Amino acid sequence: MKENEKLPDVQSSQPPAHFKLTRVGVTKVKKLVHVKRPDAESVITLPTTLDIFVDLPASQKGSHMSRNLELTTEIVETSKTKPVPDLETFCAEIAGSLLDKHDYATFAEVKAKADYFLGRKTPSGREEIEPYKLIAEARAERDGKIRKLIGVEAVGMTTCPCAMEVIRALTGNKKSVAVPTHNQRNISTLMIEVPGDSTVVEANDLIDIVEHAFSSPTYGMLKRRDEGELVLKAHENPKFVEDVVRDILASVLKRYGNLPDDTIVIARSESEESIHKHNAFAERVTTLGELKK
Amino acid sequence: MKENEKLPDVQSSQPPAHFKLTRVGVTKVKKLVHVKRPDAESVITLPTTLDIFVDLPASQKGSHMSRNLELTTEIVETSKTKPVPDLETFCAEIAGSLLDKHDYATFAEVKAKADYFLGRKTPSGREEIEPYKLIAEARAERDGKIRKLIGVEAVGMTTCPCAMEVIRALTGNKKSVAVPTHNQRNISTLMIEVPGDSTVVEANDLIDIVEHAFSSPTYGMLKRRDEGELVLKAHENPKFVEDVVRDILASVLKRYGNLPDDTIVIARSESEESIHKHNAFAERVTTLGELKK
Amino acid sequence: MKENEKLPDVQSSQPPAHFKLTRVGVTKVKKLVHVKRPDAESVITLPTTLDIFVDLPASQKGSHMSRNLELTTEIVETSKTKPVPDLETFCAEIAGSLLDKHDYATFAEVKAKADYFLGRKTPSGREEIEPYKLIAEARAERDGKIRKLIGVEAVGMTTCPCAMEVIRALTGNKKSVAVPTHNQRNISTLMIEVPGDSTVVEANDLIDIVEHAFSSPTYGMLKRRDEGELVLKAHENPKFVEDVVRDILASVLKRYGNLPDDTIVIARSESEESIHKHNAFAERVTTLGELKK
Amino acid sequence: MKENEKLPDVQSSQPPAHFKLTRVGVTKVKKLVHVKRPDAESVITLPTTLDIFVDLPASQKGSHMSRNLELTTEIVETSKTKPVPDLETFCAEIAGSLLDKHDYATFAEVKAKADYFLGRKTPSGREEIEPYKLIAEARAERDGKIRKLIGVEAVGMTTCPCAMEVIRALTGNKKSVAVPTHNQRNISTLMIEVPGDSTVVEANDLIDIVEHAFSSPTYGMLKRRDEGELVLKAHENPKFVEDVVRDILASVLKRYGNLPDDTIVIARSESEESIHKHNAFAERVTTLGELKK
């Protein structure tokens, strides 16, 4: 008896309640994806967590979720010998295949998140490998159109401009004197839509953009002098979460302003406030066209 | 010197980068909210986690986030002597006040999540208090319009219809014999928009709707016979996550079909698959009008 | 047929592999516990998450876990009309009952964690309700001995003494001038064993002790002046995580030094470093007797 | 001016409160570790999260935490060109170096956790890469002794023997007929101490041991027939969490019984119960010598 032959296909039967569903699929799928950037010497492996969805018409009881896994496994398997160029292309490939395998679906959506490490230089020039997150998304529609986004999540430091000015007022210190303020761990995200088969957007560049928007990047390892200089520098560059998001947007516009006006841009910044038990948050969800206005 | 007198207002200054922001505010704010349902005898206290946002125009450097906290604290404080009728009204009150306090904002958004406990009866009639989550949201716009949603998150059990039929085929058992299948913990959410000052939507009813959509509700305490009967009953009622969402939608339509067509409805179901390391997921984000089509 | 009559008791059968087990039970049980402190006017309800264990001899296949839930439900139910005096007594009551119900067990262990709110005054005298966690544990042994611990988790702020001195050296500023340093959100825990039926240890006092050990407590709501003064004060009181733990221990010794020498004391402090992506951590697990040495 | 020359060493000063500390260090450090097993063809990279501690005498204010990072960075850096043989050796190397760098410490402790992927065969023989966690620990003492442990965390499926027998009683079905029961996702952990420089304990073998102790392993991808057969097989092999732990212990004793009697063994199993909102849990913390009794 052949695989699945004569076995009941419950998913394809009529559902008792006739409603279409917006998203049906699998979440928290873990795969090891092999990636090689066009200009990189070696392959890196990304332990990636995936969410994989299609929509479902009212006439069908269930989505064949095992197909989502089957095609993902195949694409991952292929990446071992022929690495994918980037995580967003990997997502786009899955999204495209989903529409082939689920002929009842009108769109497919794939989201990926992976640990990522990148070489950085501390203020004193010491080499460090710092941890980040890569985020990718792809959305395929029945007309063949696939939109894909690449993004990064980075951790840095923000020093509060408001408390700094208040303390300057309270202490009577001049602008030339560094005064204290509260500062905290900040987690910021930048996602940008990537056109067709272009390599114009590099995740490493997005990390640069985000880290430049902090009061200061942070590092795994800082000797005493490094630490003192980093803190002083961060105090010369105080930032609200609002400033972090806007400075990210300004860099995006400068660097990627030539991309199409409908290019999606998402920037988000959250500070784990040291003077509060809650967080401060800012975000902008927009397009390049809107940013140019 | 009066509070804040002459102290610098950095937030109101011009930002270096001129972009408006979609959402600015505070997240993970914890407050103890005092709630009394119109028909309830006593006040309950809900330990609530809040996200509180407004938008920010391009011309202003920072949002005055302390105002978010100030007005929330006041509303919470007032709830001690004059309890709020429900969590969504609480959110709507904050959202409305946000627009009063932030005259530069065009909208305000408040999200709340709280632990909630409700009395249930196990199959054998034993009384149990079961844990749930309440979820509420409100969004106020400058024209005075406030939309609010109430929702619940409940944990139950799903038994897989597909594996059940396959096993029936493999074992040759008739429909009358209970056959094994995989079953798992399922977490489902239902949110629905609540019209004006109506009490037509009760969180307890939403919990009923969600629990009826599972293969079976679950209980903190089951004696041996209870457990056996619950498992058998769940196997007479196999459900995909797709079925759970659709059965929730059918109940919503039946019970709340008379609400306006633009009433927002969100239903979501996620199964922590026992045969996989990943989850199965289904959702519908829609309006009552769409559901009626 | 009576409940459970003639139904198989699989747990009591012989296991295939004969090994005793250290801990068997249930985790993440959620209950709403009614608490009334002897000196309090009103009852508070604590949404509490419980872990409930006994040990299991080599000769028995399974622990009757439903008994854990049954007796916990009963004790919770009773707390509705006759509130428990505190969370550690609640745990101790469960632990004692566990040994009654599991006659094969030699010890029982119960752990509880609950959201807790307490009134505080901000620097400018404004009243605020701040969020904390209560932690309780009890361990009962066959000889009738029950040990119980009460603890608290609080969030505060630490300013780094090291970077402060380095920056003083780098900038040449005198001791009288407030210089910047990095500061961050800190989460600290204090647990202490509570003797017999004494009310000598109050959770609210433990929160006081922990908050005094921070560079500064933090508040949900701070107006501009409050914020500036709090930051300045925190910079006059720089603390390593090591200092936080030691200052907690010193307060414990001062306040509870008259308790027995074998009284367990656990103090722990973790800073979400603003200049690093990782945390700084310190802890002491000890007894009062050891602390007195 | 040389690095750190003349800069104040606040850590080495006298603390205001004189208490020694049990553990001082850094947590949630993320590093990319290069590992090559002696018998493996290629190097794998493990994104690893580390906790790194030493103790601190009463006479010293602070631990020099940057040293923890400095030596860890060096060992990670070296692993790029000369990969470490395994995660526990990596931890042991850090622990040993910690005592060299912190001459005031009497012991050092390092804990590591990493995503790990391993090739498996589904029931129908399909190749799959499944996700696991590697866990390693090392503890070095001043006398030169270093103890190290390797462990794994795996996700599988358990079917409940109790509900199965109760349902058999309720339905009157014979032993030869497969009856339903509740089944759920289970997460189990096995850790074992590794002697000196031996390669006698392989993480892959520990994964085998844990997966054999489940009612059934689980897979990312199962076609309909695979799924049916896996579920049936799991129902022929019902297991309590207690059984999972004991079967792990039996395999450990069989395979590693020749290791020294003081070899630490930790086995733990947690089921996300499908009929309850809480989890079932069992563990044994012991030595090989105890297991042999």
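For clarity, chains are labelled A, B, C and D in written order, and residue numbers in each chain start from 1.
In the analysis below, contacts are C-beta pairs under 8 Å (C-beta built on N, C-alpha and C of every residue); 3 or more make two chains touch, one makes a residue touch a chain.
All of these numbers come straight from a predicted model, not from anything done at the bench.
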Pair exhibiting more inter-chain C-beta contacts, A-C or C-D: C-D
Centroid-based (C-alpha) most distant chain relative to chain A: C
Distance between chain centroids, defined by C-alpha means - chain B, chain C (Å): 29
Separation of mean Cα positions, chain D and chain C [Å, integer]: 26
Distance from the mean Cα position of chain C to that of chain A, given in whole angstrom: 36
Where chain B touches two or more other chains, by residue: 7, 29-30, 69, 131, 162, 166, 169-170, 220, 222, 224-225, 227-228, 276-278
Residues of chain C defined as touching chain D within the complex: 6-8, 10-11, 15-30, 51, 53, 56, 61-63, 65, 69, 161-162, 165-166, 168-170, 240-243, 245-247, 249-250, 270, 276-286, 291
In the complex, chain D residues that touch chain B: 130-131, 155, 157, 159, 162-163, 166-167, 169-171, 173, 177-185, 216, 218-220, 222, 224-225, 227-232, 234-235, 272-278
Residues of chain A touching chain D in the complex: 3-4, 7, 9, 29-32, 44-45, 47, 66, 69-70, 73, 76-77, 115, 117, 124, 127-129, 131, 220-225, 227-228
